[in-house]
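Have a look at the structure below, then the notes.
To keep things simple, chains are lettered A, B and C as they appear, and every chain counts its residues starting from 1.
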């Protein structure tokens, strides 16, 4: 069977962009299967694009091709690429930071720049367009790869892995009975905030489900939140409306309000300048 | 052909949760067909989850498997279940009220609790996760059932139908020339409000298309709306911006503003404490 | 292979309407492939419906069937139709202006009114419903056509092409070194505004990439924006937050703010009363 194409963009469904991309895929090969990853990545947010790729990829069949188009630099000299991961997936994406988490946490074993002379859509009055590589380059090239019209090698020339554009990734630490990290991403729907601290580090530090832990959050160095909170397996162990610490779907320590939004309630957000510190 | 999987959740597409669930399905069986019912059920709103299942199920081919994940109690002892309806559909869902309308209006003939030892995803660092049964339990179990890897009996042990968690459902009444009921659900997009009164009861009461009827709405016993409104077949019979009574897609009496939002215009909502009364 | 069905509506996914429509399709023929064009057309906005059909159609395989349900007049005597385009696509839609751009810019070669006696869903308690032709008429008829159960001729009687309901379309003009047009549509996600001026007319007027051009915007005749802006191939050539003129995905002159919203920043919108004028 031909690999599935999973798409993620910051286009939303508010206008016809996604529809045009999917038409291109189906015009290359009617048999290809297209799945919406999400089209609601925050606008221009290549960090979130990177995290979302990491978050769900491993649950897909090996060989699945991800097309990620969060592309503020479209039509400028940033590279349009297809990466191959250590666990056997492909990612078609602008090389603009969107590959950070996969490269650091899973491994990218090869990356190729899309050769526009071969793998760009022709006709339909698209040749003069510079603003929609999602349609003219990424979807078209991904469809050709999925269909077997081109091999991975025919995407275009490989380039060194150390040229991949990366964001810095903060590392969590454990010292003096404290566990320190950052909020590295959020769940914009439920308002949870996810740290970069693995559950295992909590256990190592002697923190266990049922404990109450002191959490201090600093934004740009300044304390913006300080409370003692329950650490439990899931939301329902806290009272409705109560903040709590839990183990998220990727086995990382996270913060929630049971049936509420932790992020909105306490005006907190994620990024390298949002530091967290847990202690008993 | 293998049954279709129709999903509804309150996850939205704002992050990678839906994508992870669908990956699990495709990893169980590439051939399975997945359709979005909706991922925009209001957060934690198991009542709406219940109503939406009822609203669209009968239009699907018999045997279709619905996966409904509005699950504020995830990771707590609420049951994770697969129900079988009297008209031949399956529903994979937490047993938390989400089966109310199907059980009362269509009939559930059998319900089984998912056996986590057999029908929970293994590996991929998910064993310690308690907050994402949508991915680890419901999608995985539904995919195995759809694929034929397990029979319905192999989902897990059956339990008595009278243990199904139910919301109370209000019954409409006709007396003294009045028809009384409640707003039982809304259309959050167009702002229409749907009562629990069947069109047939209107006809029985002698109300006909073209009539002007007095509508009184009470919230917690207090009159919050009282107007004489046109009762017609569709929106376009009222002037633009005008409120009217119509027969909705499920043959129930409903309220709309032609090309406007009835709910927003008059600050009305739905639920058991929103009573309506119609008379000539 | 059977043609794909591409859907666009103003229903959103907030309730069960889309799910019911897709169930109808699958109940007609399990093999049919359904793709979301978009369900986020602005409410009742048949102009946007018309533009979005035009925007993405040509990227789909010939024979693809588009189902467009932006239908404020549902249940009133407006025609329910299936049009055939000069380039070989079908459009199932209320004839309410939604065919404007296709008819004027691509060509409609035949149009038929759906015969409700043959091509309307029967049973499931739908016969008395007048408010959901998306489910009962358009989806059902489109599925039958896609499946080969009916031929195009069996949709219903053809009617004269000059009866198709059309919006007037403004024509761009070049005079005295000026190029004049209107904002004819926007991108509601990124906030770009698209004029009706083809890129070719800019080149004819002697405007080239890299030029700074004076743009005057008039709303209802009054100047509401007047600035000198860079004209370039893509957003990234302007500074972040800077307004600029670019060539959009349909080869028409458009306005953007690099990584911002042109429409929101300057409180501008689209429509026949939003005139633009460019000069050196």
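FYI, a contact is a pair of C-beta atoms (placed from the backbone, for glycine too) under 8 Å apart; a residue touches a chain by one contact, two chains touch by 3 or more.
Remember, it's a predicted structure, so these values are computed and weren't measured experimentally.
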Shared numbers divided by all numbers used: is that above or below half for chain A and chain B, i.e. same or different?
different
On Cα atoms, by how many degrees is chain B rotated relative to chain C, nearest 5?
120
Chain centre separation (chain A, chain B; CA means) in Å
31
Two or more partner chains touched - positions in chain A
36
So in the complex, which bits of chain C are touching chain A?
1, 4, 6, 8, 35-40, 51-52, 55-61, 64, 187-190, 199, 233-237, 246-251, 258-259
Which residues of chain C touch chain B in their complex?
10-24, 26-27, 30, 34, 36, 43-44, 72-76, 124-126, 128-132, 135
